[in-house]
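This report refers to the structure that appears directly beneath it.
The letters A, B, C and D name the chains in turn, as written, and every chain counts its residues from 1.
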Amino acid sequence: MDLSYGAEAEVFRAQLRDFLAQRWRPADKGQALKDYIRAFRRDAVEQGYLYRGVPQQYGGSEQPVDVIRAQVIREEFARARAPMEVGGNGTNMLVPTLLECGTEEQKERFIRPTLEGDYVWGQGYSEPGTGSDLASVRTKGELRDGEWVINGQKIWTSQGRDATHMFALIRTEPAAAKHAGISYLLLDLKQPGVTRRPIRQMTGESGFYEFFFDNATTPADWIVGERGKGWIISRTTLKHERASIGSADGLGFQFSKLVELAKEIHIDGEPAILKPAIRQALGRVEGWVLAHRYSSYRIFSCAAANEEPGNITLMMKLLVTEIGHDMALLAQELLGENILLEPGPAGTRGRGPEKWLDQIMGSLGNSIAGGTTNIQRNIIGERGLGLPRDPGMRA
Amino acid sequence: MQFHLSEEQLAIQDSLRGTLAETVNRDVLHALVDSEDDFHPASWRSLCELGLMGIAVAEEAGGAGLGLVDAALAVEVAGEAGAPGPLVGQMLTAIALSRCDSSAVREQYLDGVVAGDSVATLAWNNAPEPGGWEVATDGVTVTGTVRFVQAAHAAKLFLVGTVGGGMALVAAGEGVEITAQPSTDRSRKMAAVTFANAPVVHAFDAGSPTVNWLFNAALVLFAADAFGGAERCLEMSVSYAKEREQFGHPIGQFQALKHQLATMALEVESARGLLWYAAYALDSNLPDAQHAAAMAKAHISDRAVSVARAAVAAHGGIGYTWEYGLNIWFRRAAANAALLGSAAQHRERAAQMRESAGA
Amino acid sequence: MDLSYGAEAEVFRAQLRDFLAQRWRPADKGQALKDYIRAFRRDAVEQGYLYRGVPQQYGGSEQPVDVIRAQVIREEFARARAPMEVGGNGTNMLVPTLLECGTEEQKERFIRPTLEGDYVWGQGYSEPGTGSDLASVRTKGELRDGEWVINGQKIWTSQGRDATHMFALIRTEPAAAKHAGISYLLLDLKQPGVTRRPIRQMTGESGFYEFFFDNATTPADWIVGERGKGWIISRTTLKHERASIGSADGLGFQFSKLVELAKEIHIDGEPAILKPAIRQALGRVEGWVLAHRYSSYRIFSCAAANEEPGNITLMMKLLVTEIGHDMALLAQELLGENILLEPGPAGTRGRGPEKWLDQIMGSLGNSIAGGTTNIQRNIIGERGLGLPRDPGMRA
Amino acid sequence: MQFHLSEEQLAIQDSLRGTLAETVNRDVLHALVDSEDDFHPASWRSLCELGLMGIAVAEEAGGAGLGLVDAALAVEVAGEAGAPGPLVGQMLTAIALSRCDSSAVREQYLDGVVAGDSVATLAWNNAPEPGGWEVATDGVTVTGTVRFVQAAHAAKLFLVGTVGGGMALVAAGEGVEITAQPSTDRSRKMAAVTFANAPVVHAFDAGSPTVNWLFNAALVLFAADAFGGAERCLEMSVSYAKEREQFGHPIGQFQALKHQLATMALEVESARGLLWYAAYALDSNLPDAQHAAAMAKAHISDRAVSVARAAVAAHGGIGYTWEYGLNIWFRRAAANAALLGSAAQHRERAAQMRESAGA
């Protein structure tokens, strides 16, 4: 075994560092900074550092798959605090889907502005009542006079405040069987038939939006793939999403914050970190955090060698969720009466221990977003362990 | 032997439940939660009219002549409803006044507190026993700050915890300043109260049996609130699981969720007797009353936190929204677990009691 | 609320104490002691203290239901260390079943010798492969020449070493539907067609037996109820069993033993009971032990008042199991390296801490015997909370 | 970067698995478990013939020239099989000898230990670090008793932990007395070994890097054994759930059991990388190697206990029988958790290391 990235990667790293040192020197603010960043990203694409999986003709750098280089890029951009790719559903989910299933015209029209951040995409899958049974969507689309007329409601759209466009699962074939009645449509959110509303979460913050469609329209050719094939096309997308969830560094960082909290908080007149029961609880969490970290190393190493890491990939999401619960409960114990204080609104949150309330509730949001833990356990049991499917869970 | 509820007790709970269904209905509760108010006069009035504030005060002192068990049953229902108002403080101040040895003080204050016209609240810090209270007193005035006082803006009387485990009854006004605190528990918002040589209406001796009894009673009553909240979380989750369909079936049919709900039910239902016993033991001055109060607070507030978490998970996305309202009980559960000391602290206290009882 | 038993019960208690003081003075050993006990029990029945639910004509004392008196009797017999009813499946399960469903001749023939301990009954329900799906029994009974001829195998029979008889679920109607093909038969185990074999458990001890039937026979009229009704008849029995499971005193005693263990065992040079993490773990268990204790008070109080205690009755078994797991894990932590020592065989087990190994493994046996925890949770969810039944769990 | 197994490593595991399927088959294992023997020559021989004992010994010293990662992979498979024999002690004694500075000692003993002809076992007590060892030594002889020594009757050499964290290699015979102990772990039975002025073959300095390295390596290897056992428990449970039918369906279809199995799988599979890393960090002398070893021992031995319990529950009655054999791994998991200190002790050690590293 060997955790180093190899000599070739270090040469690449040195070149990248040079590039960043010379090219990433932001001085301005406001719009000037935005323009500077846009120009910087274009140069970084030119050098092959960003949008490596996207063909050059659509604004990518079209590089061969190399997870080691990708990792070096993440590390060095983070080190230089330089902006990486425009994030979000557009680049993570829609672009790969268009590359695989879109028409030439769709690729030309949508990919570049998405990569440059001009188009911000909301995901339109969930509806009130769908939950894990996404194929039960009811938002209707009818083709009338050369355009789709859309009526219904979508929910749990992240980036909903800024979204300019949406990719959505729409029931266009009411006569077809459940899964076969769905199409994958794109639409412009800036039109009179679309209303958006923030969803306030239990933390008090609004991370998600819901969208109401009242005779909203979209051109007939803004459909990805064939009519009735939307379900299959969305599955491709979801795979991208799952692969991007879960970061070893994130958990490790959270754990170190938890240790800091235990040092700051005093219980019975001494720092909590000195209490043996707290030390043990921290140690139990740390065991899981390390298990997660080295599992992500395994996955990364397999990806670099183009091998299959096996069942562990099915488990990362659940692992993160469960560790999040453990940390939340421990944080709650550490907080003591500090939990009685509501933290201020986002952006103004102070550095007081009460800010942990967000994490304590957020750990519950984790188990809901992107498939509940029950669905995760079904997947591990059925796809991972080969146990027979429960016929009741088939729609 | 009687260790189940009498018809009278069930009737009190039913009638309270009915009242709160109106006066703390969904709209009222959500409006309160979204406001900065720490008190809701209309619903408070409805509780007062049921005679709840003096439920555990002797009849000759103007109360209902019932006991802490009955008080706990009422607080349980208030917890279910997420009712605002300093119910625990009011009930305990009424008892404290009814036991106070100054007839002048009783005459001046008792009726108003029993009736609920004079709102009374606890100004104890969250030390796990009276010995940890910190407001200084010379018997005539009190000085110091107590954070996390419920309904402080509405309160006419504060039952203040003083250094060494005494208590002082202090009237709102001169030398009493209130600073609102952003509160996690949006249904019972809290404030910091600063006493600066505030005059004492009546002082209860440090370490006196009355003070200790009232502290233990408070532990039991906050456990009762937590218990009621846990019942509410369970009930909302079970209803949701019966109504909501996925893959063509009510989700409550799926074994994984069914078992999660069964586990929640086990946590809730098995705690009921412990709550009753802790209240009964204080009513009867049993030797293990203080141990039972500590264990009830520790065990039941833990269960409520656990059940509130499980309830959010059982609901999926909708449970995570502000509008659905589960978070009201989630936050209240977190508060009940933190008020008057943590579960860990009370478990440690109970262990010491067990040891000094020779077990 | 009032936990006292009332004045009437205390008068009853005083009379009972007098009786025990005068009548229970064992001096002998061996057979003489056995005879003394048999005579003592007969006197106790005469006085109305034992077999209160059984009519006098079959050897009982035929007393009105009075759970308070029953409790006083348990307390006072325990205090005097006097022998109570002969325990086991015969008195707990078979006798109530016969009283409800047996013929007059069956009652005459079987009840009295069972109550006096001459007949010891094994339960013949489980078979290899039945698990929670008891109605899938395959042991066959055919009526030939005026007697049932039985072939097959039964397993998990407690008291299997001493059993003289068995009540068993036997498939007598092979053409009928699953549940409708079963009859409830009694049989004499002392016959050539019956072989018994102890089942060694993971503790190394043999608490259960399995029985093999190779053309074993039993008279035609040793059937309780009609042919094909055995499943329903066995359900009555199981209710009796469930009501007798779970004792608050037992758990409280185990907890106090655990506290003692924590005082005896030293970790890092000090008694484990002084370690804060251990104190917290003990306190968490104690919360559950108290929850269980006062739940059993509730059930008892309702029974005394002839009221329904509600869902809590469905939970007691699971509660005991779960608390047993918690205690086992804590005991294992306390034991440290002592767990490396295997305790001696039953009867010779010393007083060393290693004897806890039995409890640690036994806690697993608990979750298996009398319905797994998964079945318990199904029951709570479906019968207690009214959740819809899973069609897959219907046979 | 290489943090997955090479084809060579997978081949070693496969070949070992194949060998053990024969030499430690069900009959062999059950016969051993039911006997009082603490050693099984035939299966030991089969392991020796694979060259396993010197797997982490340098090639110039007669070993395979691989590392602790490879040793851990082998011990993992032995744990899966429930293999008897002091594999960990043998491997570590071989490494200790290969690093010993006396060429005479190396010449006399190394080949025999690498070949496995001289059975070697650890005589450490279960202190969580070498500083807690208790056998007295003057450098020439050792005196004291060590309980829970594996395969003591078969051993020709004992690697004895001495006061202050030193080690002494002692040969069986003069001054060495063995008393069998009734052992929970029936596949690796243990004995108390008393040294009475027993002559020392070679002494390793107290607190030396070699001693510390070997101790940390032992933590990792017992974690590997625990990990292998957990894999076995999982695999038996999954197979059973696929085969066994109830209510007309394989029980693995029911969601509750499916989720229990998924949780077991999560516990097992997510621990694999931690095990690898701990071994790799010792191979590479990384600064966090000792921290990783402590965490691996604590976390993985806990997981193995938990998975073994869940496996019995997943099987129902059959899993609780002696004959089915799950108890072999249940007991072995309990032993692995107790050997060389408890999970709690290693978590505390790891916390201290984290703190002294300034985190």
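Keep in mind that, in the parts below, a contact is a pair of C-beta atoms (placed from the backbone, for glycine too) under 8 Å apart; a residue touches a chain by one contact, two chains touch by 3 or more.
Note that the structure is a prediction, hence the values are computed from the model and not measured.
Remark: among chain pairs B-D and A-B, A-B carries the greater number of C-beta contacts.
For chain C, the chain whose average C-alpha position is most distant is A. Averaging Cα coordinates per chain places chain A and chain C 54 Å apart. Inter-chain spacing, taken between the CA centroids of chain B and chain D, is 53 Å. Remark: chain C and chain D have CA centroids separated by 41 Å (rounded to whole angstrom). Touching two or more other chains at once are residues 276-277, 280, 374, 377-378, 390-393 of chain A.
Shown for chain D are the residues in touch with two or more other chains, namely 249, 253-256, 259, 344. Note for the complex: chain A touches chain C at residues 275-277, 280, 390-392.
Against chain B, the residues of chain D that register as touching in their complex are 254-256, 259.
Within the complex, the chain A residues that touch chain D are 1-6, 68, 256, 259, 276, 279-280, 282-284, 286-288, 290-295, 297-298, 300-302, 304-305, 307, 309-312, 315, 318-319, 322, 374, 376-378, 380-382, 384-391, 393. Across the interface of their complex, chain D is touched by residues 126, 128-129, 131-133, 136, 155-156, 199-202, 204, 267-268, 277, 325, 332-333, 335-344, 354, 357, 360-361, 364-365, 367-368, 372-374, 377-378, 390, 392-395 of chain C. Residues of chain B touching chain C in their complex: 1-4, 69, 238, 241-242, 249-250, 252-255, 258-259, 261-263, 265-266, 269-274, 276-277, 280, 283, 292, 295, 298-299, 302, 344, 347-348, 350-351, 354, 359.
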